[in-house]
Amino acid sequence: MSSPKTIGNKAPVLDYKSAGSLLNPLKNLQFLGRKAITEPLQPRLASLNYRGFHLNDWEACVGCASCQKICDNAAITMVEIPGLKNDPVKGIRNHRPAIDYGRCCWCALCVDICPSASLSLSREYVHTCDQEHIDSYFILPDPNGMHKKHFGQGWQKTEHSDLLSLTRSAMAELEPANRDTNFNEIVHGFTPEQAVVEASRCIQCGMCHDSCPTHMHAPEYIRAIWNGDVEEAVRQIYRTNPFAHVCGRVCTRRCETACSVGIRGEPIAIRWLKRYAMDQVSHDRIKQIVKEDGKPKASGHKVAIIGAGPAGLTAAFDLIRSGHKVDVFEALPHAGGMTRYGIPDYRLPFDTLQQDIDVITSLGVKIHYNCRIGTDKTMAQLQKKYDAVVLAIGLSKGRQTRIPNSEHRHVYRAVDLLQKISSGEEFELPQSAVVIGGGNVAMDIARSLARLQKQQFGEVKITVTALEQQQHFMADPDEIKEALEEGIIIRDSCGPQGCEIDKSGKLIGLKTWKVVSIFDEEHRFSPRYDETEETIHAGDSVIEAIGQFADTTLLGEQLTEKLEWNRGRIKIDPNGRTSEPWLWSAGDCVSGPDVVHAVADGHRVAASIQQQLTIKTNKS
Amino acid sequence: MRPENYQAVNHPPSHEYELNFGPNHPGIEGNYALKVKLQGDIVIEARADGGYLHRGFEKLMENRLWIQNIALVPRICVPDPVPMEVCYSLAVEDLDDIKVPERAQWLRVLQLELSRIAAHLFTFGGHAATTGMYTPMYWGVTDRDLILDLFEELTGGRVYSIYNLPGGVRQDMPEGFLQRVTQTMDYIDGRLKDYDNLFFTNQIFIRRSKGVGVINQQQALEWGVTGPNLRACGLAFDVRRDDSYLIYDQLDFDIPTEDAGDAWARTLVRRMELVESIRIVRQVVQALPDIKGPVRTPIPNPLAWRVKAGDSYTRVESSKGELAYYIVSNGEEKPYRVHIRGPSSMHAVQVLEKLSVGCRLEDVAQTMFSLDACPPEVDR
Amino acid sequence: MNSAQSQSLNVLLQEIEGIQLTHQNQRRLRADISADALPALLALLRGRAGYVHLSAISCVDWIEDDQFELVYHLWSYETSILISAHIRVARDPGIYLSVFDIYTPAAFFERDIHEMFGLYFEGSPDMSKFILTEWDGPPPMRKDFDSEQWVMDNFTWQDYHPDWLKQIEQQGGGVVKSADSSRKSS
Amino acid sequence: MKSTDLDRIEVNPKTMPKRTNPLANVFDDLVRFCRSRSMFMLHYCTGCGAIELPPAMTSRFDMERLGIQPMVTPRQADILLITGYVSIKTLKRVILTYEQMGSPKYVIGICSCTVNGGMYWQSYATAKKLDEYMPVDLYIAGCMPRPEAVIEGLQQLMDKIKNDQANSWKQYYENYDYYLGNQQKLFGNNWQTPTDVIGEAEIYRLMGPQTLGEHTKILQQVQKPMEPLEMKL
């Protein structure tokens, strides 16, 4: 064995070898006169970031249970407290953490992960009890402290200690310059690496699931994406939503509003993750996954569905998988309803929509195109031939402002124009246009026209006017941002007062007054204007995008008479059934314009029909 | 008190008898036992008996998320918990290629060195008590408490700081903290001469400890002795310098050594290390205000964090010697295997067993304290 | 260390048959060898390369491969390179050779591995239990031993029922059983 | 435990003779007051919490001003302070220690681990609830409790002793079967200690209906007389 070297120098300290007088210890007798260092019996105040007993701000806490998940020691139990705010849509549960001090180690990881920053630790640290009061070790932290006395704030979350990742994983999208002359899809979707990073941000609180109208299993498919198992993700998605491609692109995503991570940061990009999962799996494989449950036993019942939009086709998807025969009647040459004719190609490419529809038709759903009920067939015929009929006709007609001169032929409804654009029909492209409305439809038409104008005239001349202030627009903030990037002018707080027409009868613009307030004291719609601030927005056409209504003429007079109505809409029970026992109604025509609501409606109606038909089967 | 695994046999010869030295014995450090066979009061055979503090850390860590383990690791060595945290964090950073901001590295060094001072002060106390001197124990424990006050201010916890995360430290230091560190260091610096008078140059201590539990350099290397105990045999080896981590290579400090290799030399090396640690702390205090930047590199959401597959053997110098973590990750949310190589696993078992033989019974306790053996670290 | 030392170390290690060297970083060298060649490697390192310090022996239970991985961490005070020698040993019957005759500290680590993993080391001076003297279950560090399940089978937990909980239960609330049960079903 | 037959032990508790002297109560109060002012704490570091005891015992927090001092042997100690987790191996020693302490004796469990397993709730090596194995007078919360909290707890214990509320040691005799059962569950049916708990219960007149039961029967069957032993090295 080689001997190791002795390296390094010795520290210069006292020479202990020679020292060591017996008298040395006596030098310390000097301490006799010194002040004692003993602390008083009263416990000291702990330091400013001491990790003492828990505090929880109940107002801020949303009951997401991430503290429970990160707890080392399974010390945290969620307790449901009736009487607290419980709003799944806003992402608030009436659950609050209770902590077992027989487990807790005061590591404060729960504080550092808390998405709402409601949990913190105090400077209190003394608690004793005897065997009979051992229950006092299980506490429900509130803002008042463990013994109803506040000892001051201890450990709190800071920007350094925050454990959540609050910013989204970046995703590539088309630059404005590359997109304003074409209808190519703007966002590219996540790459696998980006998707896994984004999925890893999820804390699995399930708020998204609760807030989703159709209760999609978002935590599960996000977890599956994180695990790299996209097929499992698709399986989870199809548990509740056959319009997965569509919802992966154009969903109103209430889930992201409810997302706990979004309280202080950017919510998880749940919509894009869904899209990622759907894009990763091949179309044929998706069809296989959907059919994994096996072929159902034929029930012998037949169901007719009017309208091949998301609601109708979702109901068809459910019913065909329960073994019923399903016929869908569509007035137009393509399925998809508003998702086909209302949403421009750059947001939702037609072929991805077609994939969703293809999955549904591959199950055996028969869609009769160009078959308009009311003209080609009557409701009475359907009632006779089918065991149940679903009315999923959507909102196909645009509302009108009825302002002066709005009957001019250059005043259009946005839905009509959008339908023309997406079906490739010829129409007179306005050189300059003024859009009334601040919703997504207004943005869709404005941006579609902008693209066409850029293509044809090389410049964009579109003004969007709306009653609301820009930050309160109904439209998606992303849409507004992108519209501005594409050269669209947005004028907010503008109340339309009339279309301006010159002597030759040509439309020259829209007159608006400045909006002072939109709602009155009782929150009813009653806009008030400042008449002195009048603006004329120049444009050779005006487009109204202020909402849609359903075209119920197909019902026929007799049935219209028979049905019960509720403020212009067909009256339905919570399951979507109308006053006629054979007729159900679903989708935008009952719950307003939203894809994911329509899907939820479709499921609800299908379940109700299934229940009804089972009763019928059992009877016979 | 008799453990029930005793077996009834004949009486041993009357001049030889055995003694259970621990687990509940005032001379033992922590909850640990030595079974010694005595002839008169000379130990002729000794067997260590551990496991009284066994918690199965390595198993527990396999069942917990990477982040959750940071609350667990300091508990492995109770008197000196900080190196445990830092070593675990370093190992995970090594596995996952996380770069630690410079400010965090300096803060870690500050914390490590304060912890070393605290641990050494505590050990003196114990060693003094085993030689019958209780005042150094009172002093040592009380002065250590001043450092715990600093920890409380910096980290929010007195003993278990749970201050290090993979990626850095959890919070920046509070305002005016460095002044208080300087004050405390000045105070402890000034106290050292009192300790010298009372303890290190005390004839009682010198006569009791000189020549007790002698290890020569050859034996030390053979038996796997590390840390101050190795340096007390004349080998100037220190992980901080020779397998450098954090920013120790930017610091100016010496590695004190002694040649005697006995209990006295070991304690003296620690006494000299106090000076070095105070020196390091002073350097950190001077440098820290100029080092700006974040204190932590963000890690992914800890609830869904996979550390890259691989293995890492990471060492740090704890107050007791070489501390190492061998962590194997198979790319999952939890470690696949964590092996903790505590310095005391050598010192408290094989070395102590060998050194006890030939000692007088009263010196066994002293030997153990001079080796600074830490039972929870042996048992894990 | 300098490159000459590193060179000579590499040359020296090539004497061992079937050795695979990976430089993980400047101070970490990973050596994968067969179990048969390990004693020769250790003897070589100890005798001719100045590797006097056995830092640790770690055992990893690769249950899916039905193997134990033993890792010998060796340190030289001269070259300042830590060599980790990795070998694989079959899980069943779980017998390997002791390296006590080359490195004394091995005795502790082998004893520890024996009680924690059940891997027996032939020639080790003491294979009796040290920590788990009162334990008669399976070697706990094996992957097939489920610690949490064992705890659930053998222990009970506090059954807290404080006043505030009683009040909440009267109002219709109470402890949420599992995180998922709180979610709405579709 | 001495080898006795079950039959010999009277199962019914003897009633304490009624005190007629009015001064007796005053005398009892005085005894309890003095008892609370002079306690010896057994110095047995079972777990992490022990690290906060040296500060509590020494100059800075100074528990000696409460009249509490560490004591090294169980025979002379009044307080058994369980400082955190008890591994199963330690628990045996803790029970042996507890039984050897002279009555009245007080048990304090500090840290989370003594209450519900604490950090080590998943560990195969530690006992989870101390009160299953011995009655506990006081718990002090914390992981670990600061010295101030320990001192506060000790003061509370003093108050309880003074007010005659700290009588957990009686429970051990009265419910011996329960405690023994839990011990047997953990250590196996061969478990026995050198202390004759049942005999002591008889002497203290604390034989309750729960003192004897199925578990003590097992003990009777398996216990061997204690003999001089040799340690195997």
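Order as written gives the chain letters A, B, C and D; numbering starts at 1 within each chain.
The rule is short, and it goes like this: a residue touches a chain if its C-beta (ideal position, glycine included) is under 8 Å from a C-beta of that chain, and two chains touch if they have at least 3 such contacts.
In this text, all values refer to a predicted model and were calculated from it rather than measured experimentally.
Contact tally for C-D versus A-C: the pair with more C-beta pairs in contact is A-C.
Chain geometry summary: the mean Cα position of chain C and that of chain D are 38 Å apart.
Distance between chain centres (mean CA atoms), chain A to chain C: 47 Å. One finds 32 Å separating the Cα centroids of chain B and chain D. Work out the mean CA point of chain A and of chain B, and you get 53 Å between them. Of all residues in chain D, those touching 2 or more other chains are 59-60, 89, 92, 115-117, 119, 121-125, 143, 146, listed in ascending order.
For chain B, the set of residues that touch two or more other chains comprises 51, 54, 56, 59-60, 63, 71-72, 142, 160, 221, 235, 237, 379. For chain A, residues touching at least two other chains, in rising order: 1, 4, 37, 46, 69, 72, 100, 102, 105-106, 134, 137, 204. Chain contacts in this assembly form a complete graph, since each chain touches every other chain. For chain B in complex with chain D, the touching residues are 1-4, 6-12, 18, 20, 23-26, 30-31, 35, 37, 45, 47, 51-56, 59-60, 63, 71-72, 75, 78-79, 122, 125, 137-139, 141-142, 144-145, 148, 158-160, 376, 379. Every residue of chain B that touches chain C in the complex is listed here, in rising order: 5, 48-51, 54, 56, 58-60, 63, 221-224, 226, 235, 237, 242-243, 311, 313, 315, 322, 324, 326, 328, 336-337, 339, 341, 345-346, 349-350, 379. Residues of chain A that touch chain B in their complex: 1, 4, 6-11, 13-14, 16, 19-22, 24-25, 27-28, 31, 37, 46-51, 66, 69-70, 72, 105-109, 112-113, 121, 154-155, 158, 160-161, 163-165, 197, 199-204, 223, 226.
Interface residues of chain B facing chain A in the complex, by the touch rule stated above, are 64-65, 67-68, 70-72, 135, 142, 149, 152-153, 155-157, 160, 162, 168-172, 174, 194, 196-198, 200-204, 206, 217, 221, 234-238, 241, 254-257, 268, 271-272, 275-276, 294-296, 298-305. If you check the complex, the residues on chain A that touch chain C are 1-2, 4-5, 65, 68-69, 77-83, 88, 93-95, 98, 100, 102, 134-140, 204, 206, 209-210, 214-216, 239-240, 603.
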